[in-house]
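After this come two complexes, each holding chain A, first together with chain B and then together with chain C.
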Partner chain A sequence: MFETYIKDYNEAVFEIDKELALEIIETALKDGVTPEQVVFDIIIPSIEEMMAEISINADTNLAQHFMTAQIAAEITEKMLAKFESPPEIIGRVIIGTSYGDLHSLGKRIVMGCLKSMMVDVVDLGVNVKAETFVDAAVAQDAQIIAISSMMVHTATGEEGSLKVRSLLKERGLEDKIKLVVGGAPYRFDHELYNKVGADSWAADGVTAAKIIRELILEGKS
Partner chain B sequence: MTPLEILSATISGQASPRVPVFCNLLDQGAKLLNIPPKQYFANGEYVADAQLKMLQHYGHDNVWSAHYVGKEAQLLGCKDILFADNGVPNVADFVIKSWDDIATFEIPEDITQQPTWQAMDDCLKILSSEVGATHPICAYVTGSTTLPAILMGMDKWMELVLIGPVELRDELVRKCSLFVQQQLKAYRAAGANVIIYANPFGSTYFIPKKRIVDWSMPWMQEDLKQGTGSIVYYGGMAPINSVIEMVIDKLKVNIFYPAPEDDIRESMRLINGKGLTSGVLDDIKMIHWTEQQTRDEVKRIMTLGKTGGHFLFGTGFMPLKLPEENIIAMLDAAFKYGRY
Partner chain C sequence: MIKNHSLILHTEKQSIHLQIPEDLSVRVALDIEGLRVRAACGGIGTCGACTIKTVKGDFTPLTLAEWQKIPPEEREHGVRLACQLYLKSDAEVFLDNPAPSSNWKSFNLQHWPDYHYPNFDVKNSFYAVAVDLGTTHIRLSFWDRNTQQRIACRHGNNPQVALGEDVLTRLDVHRQREANLQSLTQIVRDAIIEGIRDILARDIGEIKSILAKVGVVNIVGNTAMLALLSGQDGSELYDPESWEHPIACLADDVFSWKQSWRMPNANITIQAPLAGFIGSDILADLIAINITQHSKPILLADFGTNTEIALWDGKQLWLTSVPGGPAFEGVGLQNGLSAEAGAIRAVNLNNDSFVLETVDDQTAKGFCASGFVDAIALLRMTGEIKLSGRFLNAHPEGFLLDKSNPYTAIKSGDIDAFQRAKASTAAAMQQLLVLANISTHNLSELWICGAFGQHLNVHNAQTSGLIPTMDCSRIKLFGNAALSGCEKMILAPNAKKITDELRQRIHVVNLSHYPEYDDCFINHLRLQPFIGDE
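== the complex of A and B ==
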């Protein structure tokens, strides 16, 4: 019964029409769909559909990713406030841009996608030191550290992902905390994540949410 | 023929001995002179000196003005650039902090009177007198629909473009376009003979084609209304094949600098002899290549590109991490396989 909503909603998001997307959700609520159903039966499946779409159609653009993340996160936040009982959060991610890097768009898109997939996200902002990432992950009991870098020197430099890896190793945290990276340099060189000691990477925000969710679930099992 | 003559012949489709070879070395200059990037980029003489030394050392075709993109933000009031010894300079202070700042944001009457311009001017003067008659001298101008990204941050700009008030968005772009026009004029007057017009918001990697047609294109036309001579259309390394036909038709620009992801054969098919395209090597991948892999990739690009003529070989903004051997191997292969 939710197929039509999902289809209409996704079309609106793909057309970057925020108002229409919000209207579709309003209509669903009026039709008697519960806030829980909006999140679990419309928003999450719609993101999953988007993932499938992206893997077959390379011609999606950043605007669509941005809108997917933005709208889904906004709606999810609104709906969560209306849930009967607090939702079960899958896990927690510490996110930020690497030391020396002030590019914030990638991080924002990834965060939006994660939030709407019931992953708790702690945002450390831009220009974040390796120690800060690790300390925060320990303090907040996070399963994932996610680092966004838009430049080669901040992706591959000694103060970035490489240092987070060595700190995780030093402190014996490698089993507990996984390291995920993303941003332009990784899209140019698909093997780069390996060379900076990361466990995984993703080429876009929607896929990022997918692999992060999988890593969290893997860790649990 | 001089590198400049080779480039001109390539653009106009006349016979030339080889493919022009652009190798974009910017941050390497500071390393070479062993001067911290902040001091280096603030002094046009240093930059010109290093550019000329690198030209001699590597033997590629083009030199660059005292450029990093943050300079455009500095000309518009940005107070802080984050320099790194191991990488590119980054804007660290946003001139526009909230939407309210757009109304009061102003373009200087004459950018050439700004202190930041001085180094650019000094550098271009030296380069013009030394190699202006023989070599392409490159300058870089960010398109008006992308420039706000370095004035307010990319995420805030994306938000304003996609879900913000249209009038506010266009008020900002209008101001930016005036700045672009000033820059183009100033660069041409100072002796730049190749102008890289960078506009990722003119790439379908960023926004859907329809938005480019309805919104970016009219602004690009405004940016370039003084003329499109020596303008190179560049997506900032975002793919541009899907807009090539539209750009030729509507913007009347016919020199293209695609991304490594753009299929070279497809770029050539789209341009169809009506202009020049470039085969751009992925210099981020090159960091981890062997010399042989580097040569093989240059050979692949040249083999594809030479078949159609009207072809230039180029790189991105070469990362500092690139091994010297690979740069040398790349250029050696480019001259070898680029011969007609």
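== the complex of A and C ==
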């Protein structure tokens, strides 16, 4: 029975049929599946499966990627509101695009995945200054700063990750706050994250969320 | 109603099929197609260079110029002057000695507004040039301001394409290799003057003396291209603070620039872009259609690598731009082409099989943008492509519209690029409509300018949601609007006043300030009509 929901939901999401996906989840809930199960056993595996398909298919379909992530994020939000006990949030991330960069869509996908994995996200939007990232992380008690850059010059620029790193160093925050980056330039050069002073990077939304989760848990232990 | 006749043109290397209207000389028709006859006058029969041999068919009788220029023995063998020759029936001709191939082609000026301003009297330097500098193409026209006549026009590729298909890649090339700065500026300046000289050589027959009489060169275009043309490095465009403000594109070497073009008397004006991401090409579009004369709302989109969108609400202009990516110019697709020979420019469906219409009727070599829009709409209609943009069945090598021709393949990556380009455009249109509180129902006109030219099938564009669904009679196609507006700027005595007034009414919208735009974009990725609220 449960497998049928997974299969039907996956199909609906792949066909970007939001109404049908919601209907399937509603039926599942009526049949006694808990909102927690919906998030952890249906939605997250479904995103993972989609990422896997995208990575093996040379003809990457970004449109599909955006549409599915949007549906997943929306359904997750609905489920979170229905959780028996308030969802246990494992940590907090400050996210935004780097200074000079207005590309917000990659960041959205990561945010959707993070929320599904019980990580609280504070979105600073686009074109964010390095100081703003660090100030917000301190004020909000966040463990991670995540910076999205879609262009080479915003990834490697002096006002971006490099400056966040030097501010963290200056203020003695390097142990408390980790820096994670993502976006197109990092997919072309897998060592680039290192050059811009980041602790880690990820190629897609699910991996980003997983890496961020691990970094938070490492910091706690 | 003007009749079309088909012409088969043979050369030693190839044979091409053309459709030529009865009122177009063979020379003009060939200038448009790019397989050109030799020429050194404006098509008035004085140079005698454009000889062509008639093989079959009915033509207009020999003109006086032909009696004078063609020796009797050649006349007997059917030799004519292409500039004097018009078709009276389907025909065949042989071109022995075509002009060397060139980056420059003429284009058809049918349906173009002609400008006539009385009492315009320029004593000296009465020639003027209008230039529309785009990311992938350059369009220009040459005018005699005294007679108010357009001598000729040309379009050609922007040679900077070799250094990167999109604007940012080109700016990056610039940044990384500073020594290149001058060469990128030089490349585009050389290209423009080459186009002008092509007109002078073929349509007037004199170069140097005419260049000295050029009084005005007016250039509109995309912001980054204009910055590069003026000799700037474009670094201002990286600074978000400057994106919503006009960018001054003033060259500090105008004197030597004029010297290098041999136009000592020319006043070269680069029309300042409206903002970091909105060029002056859309300003020219708006001038071309007299936007401020209208009291009802009008939407205008100039499609290209960067798609610019303007909404006139009767009082002010809401302007924005979105990345179209190279998908709208054809070049970004697996089998993408600009509108060159062999490019599929339209697709029709006839009893389950696809009928391809190509430029010059040649074997299909790939898709130009209008053909691709048709293909997507028809594949969607037949169910081969789903709402999500995915194929119904897997096609690892792409879906072949013509099973025997690999260049007719559409890959899923192509559909994806198109979906993103059309979604960003449609979402931007929707966002402007929301901001100005106007519904598609209230739009009196929708103007489609830029890359699609006259060939866009409006119905198919609506099926896939590229443009809003509204009555076709309210949709106007005007491919070369920016050049037309640029011409108006050099001809209308009150052009500066019109331009300045228009600039005052502009409200630039940076969509990244509207978080709801992202959701709107994602919703528009689906291959379905953009209904709006009509």
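Keep this in mind: the second predicted complex is superposed on the first by the 200 of 221 C-alpha atoms of A that agree within 3 Å, B and C clash if a C-alpha of one lies under 4 Å from a C-alpha of the other, contacts with A are read in each partner's own complex, and residues count from 1 in each chain.
One rule holds in what follows: a contact is a pair of C-beta atoms (placed from the backbone, for glycine too) under 8 Å apart; a residue touches a chain by one contact, two chains touch by 3 or more.
All figures in this text were calculated on a predicted structure; none of them were measured in a lab.
By the touch criterion defined above, A:Gln70 reaches both chain B and chain C. Shared-chain residue A:Arg108: touches chain B and chain C both. Residue contacts after overlaying the shared chain place A:His153 against chain B and chain C alike. In the superposition on chain A, A:Pro45 contacts neither chain B nor chain C. With both structures placed on the common chain, the touch criterion links A:Asp189 to chain B but leaves chain C unconnected. Once the two complexes are laid over each other on the shared chain, residue contacts for A:Gly125 go to chain C alone; chain B is not touched. Once the two complexes are laid over each other on the shared chain, residue contacts for A:Asn61 go to chain B and to chain C alike. Put simply, chain A uses residues 16, 59, 61-64, 66-67, 70, 100, 102, 104-105, 108, 127, 151-153 to touch chain B in one complex and chain C in the other.
Across the interface of their complex, chain A is touched by residues 168, 172, 175, 238-240, 386-390, 411-413, 415-416, 419-420, 423, 510, 512, 515, 518-519, 521-522, 525-526 of chain C.
Against chain C, the residues of chain A that register as touching in their complex are 14-17, 57-64, 66-67, 70, 99-100, 102, 104-105, 108, 125-127, 151-153. By the touch criterion given at the top, residues 82, 84, 86-88, 90-92, 153-155, 158-159, 161-163, 204-208, 211, 237, 242, 260, 282, 284-285, 287-288, 319-321 of chain B touch chain A in their complex.
Residues 16, 18, 59, 61-64, 66-67, 70, 100-105, 107-108, 127, 151-154, 156-157, 184-185, 188-189, 191-192, 195 of chain A touch chain B in their complex.
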